[in-house]
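The two complexes that follow have chain A in common; it is paired with chain B in the first and with chain C in the second.
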Partner chain A sequence: MTARRAFLLGLEVLVPIAVVALWAAWSASSTSFYFPPLSKILTTFKDTWLFDRVGSDVVPSLLRLLAGYALATAIAVPVGLALGLSPAARRASAPIVEFLRAIPPPALIPFGIVVMGVGNTMKVFIIVAVCVWPVLLNTVDGVRGVDAQLIETSRAYGIGMRDRLSSVILPAALPQIFAGMRTALSLAVILMVISEMVASTNGIGYFVLESQRTFAIPEMWSGIVLLGLLGYVLNLIFGVVEARVLRWHRGARSAAR
Partner chain B sequence: MLEVTGLNKAYGHGPNATEAVGDLTFKVERSEFVCIVGPSGCGKTTLLRCLSGLLPATRGEVRLHGELITRTPENMALVFQEYSRSLFPWMTVRENVAFPLRRKKHAKDHARALVDRSLEAVHLDEFASHYPWQLSGGMQQRVAIARALAYEPEILLMDEPFASLDAQTRGDLEDLTLRLRNEFGVTVVFVTHDIDEAVYLADRVVALTPRPTRVQEIVDIPLPRPRDQLATKELPDFARLRAHVYRLIKRVEGDPAAGAATHHELTSA
Partner chain C sequence: MAAATTAPLMAQRTGRRRLRVPHALQGVLAVLAVLALLELVTAIGFLPQRHFPLVSDDFRALVEQLGDGGFWTQVGQTLEGWAIGFGLASVIGIALGIVIGSSEALHSATRVIVEFLRPIPSVALIPLAVLIYGTGLQSKVFLATFAATWPVLVQAIYGVRDVDPVAMDTARAFGFGRLARMRSVALPSSVPYVVTGLRIASATALILVVTAELVIGAPGLGQAINVARSGGDFELMYALIIATGLLGWGLNTVFVTIERRLLRWHPSQRLAEAGR
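Let's look at the complex of A and B:
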């Protein structure tokens, strides 16, 4: 068992290293304009992102991302709770929700530019407009799926509506809310990049497109690598937070098996 | 103390309505231990939910100290059959027990003392900071009992609380329940389908008919206390009372031979 575990862990560490090494070896003697040697990309990466353009591009990008994501969650969870608890509100809002959710997110950008200009407001709006849905729908499902016995127990003990919401319904729905938030996080990164490519004067997305337009191919690659790393790290952080907050859920599930 | 008068519960309306509870009338006196037994599927859980005010009755009424029950009153606590679904998995044992006390608005120290005392009473004080899912089924049901006790109810309603536990644990928890009932001076209404359990625990057994449920007979259980899993169950009176309740339940489950025998026994007695 432990030998197998060590083997799997080894695979997890070694395979990515091997892939990078392979890329480095394959590209080392590259003279292709579009596929510069990895070493060149890494040097550019160091010159660009450590830490020359952090303040001018990375920080604005991250702020937009986090503001949009936080705002989306702050809107979606309470609304989701309300819709989850009220069948009437759910029925009334279903067609609107389904319609708004069906709009491909980039289609909102022209509207956003016209109404809000090309500033941060528009970009945050785009991120919110997209991230709201997975969180909202998962919250609704989570609330509807709360075990009736738990609700009954809190009713029997006269737990008031406020405590019932905050200490019973919300925690019970939390595993599913987190599933929605995980989906929303990757959407937020995508929409951040798209909105910065369409209309911006800074940000990582802007940098990647601008580098390509000025034929600064190693720079372009370094931006792409940075976005990959950013998504990876954000997911990692999310995983750590989720594991902490939902420790009981994992424990309860493995105990039920 | 608890008065049930003409209780009826029907699901649905008009010709499609099904009656779960037909017409029930009985009383529970203060500090009594009453077991409600009926054939499987006779609407025992529906009855208990009506008694506690979780489910509105279609007709009839339930009164506690003369007051009509429309929602679970503050001096009543419930223990459900499915402990794993009635304890909150994101709360520790201590938090689970303390949670309902929010309604009572006790001083902090007092609430803490209540929680400590009831956890000690069910021998779980060492597990206060565990989560319910880290405990065995029997221990989880003890947490649910501790939660009910900390609530300081005058009356405790238990809905087949030990039905999903193994025989050994069940016996232990039956004795624990009897001990706690004396220690905390609480009135108990205990719903079960297990005739042995009912006769062993109760002062009186309310035997029900199948749906639509009515009271078939209320049987006094004058067995000596304290009761003991071996000594009490070896008493001839225990065997006789058990057989009597068994025939009541069997008869209504459609065994005419058993029914005839019961009838004969009753008229000659």
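Let's look at the complex of A and C:
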């Protein structure tokens, strides 16, 4: 069995390496304009992103991303708690939420440009307008899913509404809120890129599209690689934070098994 | 005597219930209230009228569009990209997902690659799509397919791997072959996962199609919104945004309905029905 596990682990590590190696080998002699050799992409990556354009493109992008993401969470969690606790509010808001959520986010960009111009406000607004929904809906579901007995018990012990919210309802809903926040994170990256592609003078999305328009193909590829790495690393960081915040949850669950 | 006293009581109770607004109506009332508020706020000039036309004018523009052939062509173009992209993504995602999910070795071999490719924002590939496929339908389909395949693939892998081992062993004990086990045990039990994946994929495909129309100017609703904006026709712009939202909402409703009907036997749906 251990031999099998070692075999599986080997596959898990070696296959991705093999794929990258294959790409390098296949593209090494490539003369195609659109698919430059991997080595060339990597050299361009080093020249472009380490650390030439970090201040001019990467930092503005990340700041917009984080501002929008943080704002969306700050709005969605309290509203979600309120909607989760009040069935009447939930019913009344359901059609509005369903409709707003269904608008494909890029369709909001023209609206953002008209109302807020092409600056940072518009981009942060777009990110907020999209990231709010998964967090909101998951918070509502999380609050609704809180064990009724827990709430009854805390009420019976005379725990006030405020304490009940902060030490019973919120923690119980937290795992699901995190699930929503994970979805929102990848949406935030996507919307950051789109908003920069449509109207911007800096940022990673702007750089990638501009490279393509000026036929700077290795630069374009290096930007795509950077965005891939960014998405991957953000997901990784999120996983670490989630594991730490929800340590009690995972522990309790695995102990119960 | 007893009957005489209960009768007015009953009447009273039903009377009180009649005063209460029915649940379905509450949402409608809330929508109307929001629209009325927006109309009021724009009418008194609290929001600049230049950028916020009267809501009633937006809806008038929308109704006008509904009678316009050009509008339906755009809806058709958007739906065409959505349908092809979503269809390809479903086929690729389900087929690969079942193959990968049913083999431990393949799952290990592909896990890192899937985990690395999945969070890549698909929009990063827009420039590549333009280079290779130009600015037409093909680019839309490429982007939508790339983005929508992941949710289906990941859900299908989870679904196939999450099969109850007891059911699998039972089938094996009864002499079911590999294919028969796949067809009558693994597939049905992975359906709930796959259907959820398909619903997410449908929304993702629509998002990417509209993005492609907006960013690279492929014909469709997204492009029409952008044209309306740059032409300063804000009523039309809002009308088209509302139309796009309704389209997304309609597609989502279709999928939720199918999911509910298809999975009537599944505990998650049964619970949801009971909970309502």
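In this text, the second predicted complex is superposed on the first by the 247 of 257 C-alpha atoms of A that agree within 3 Å, B and C clash if a C-alpha of one lies under 4 Å from a C-alpha of the other, contacts with A are read in each partner's own complex, and residues count from 1 in each chain.
As a working rule, a contact is a pair of C-beta atoms (placed from the backbone, for glycine too) under 8 Å apart; a residue touches a chain by one contact, two chains touch by 3 or more.
Being a predicted model, the structure only gives us computed values, none of them experimental.
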item: Three-chain arrangement built on chain A, chain B and chain C clash or fit; value: fit
item: Touched partner set for A:34, first chain B, second chain C, both or neither; value: second
item: Touching partner for A:96 - first (chain B), second (chain C), both, neither; value: second
item: Partner chain in contact with A:163 - chain B first, chain C second, else both or neither; value: first
item: Touch count on chain A, higher of chain B and chain C; value: C
item: Partner chain in contact with A:26 - chain B first, chain C second, else both or neither; value: neither
item: Distance of closest approach, chain C and chain B, by C-alpha atoms in Å; value: 7
item: Chain A residues contacted in one complex by chain B, in the other by chain C; value: none
item: Partner chain A, residues of chain C touching it in the complex; value: 23, 26-31, 34, 51-52, 104-105, 108-113, 115-117, 119-128, 130-132, 203, 206-207, 209-211, 214-215, 221-222, 225-226, 228-229, 234, 237-238, 240-241, 244-246, 248-249, 251-252
item: Of chain A, residues touching chain C in the complex; value: 7-9, 11-13, 15-16, 19, 34, 88, 91-96, 98-100, 102-111, 113-115, 186, 189-190, 193-194, 197-198, 205, 208-209, 211-213, 217, 220, 223-224, 227-228, 231-232, 234-235
item: Of chain B, residues touching chain A in the complex; value: 52, 54, 71-72, 74, 77-78, 80, 82, 84-86, 88-91, 99-100, 102-103, 131, 133-134, 147, 151
item: Chain B-facing residues of chain A, complex; value: 147, 149-150, 152-153, 155-160, 163, 167-168, 171-172, 174, 248-249, 251-252, 255-256
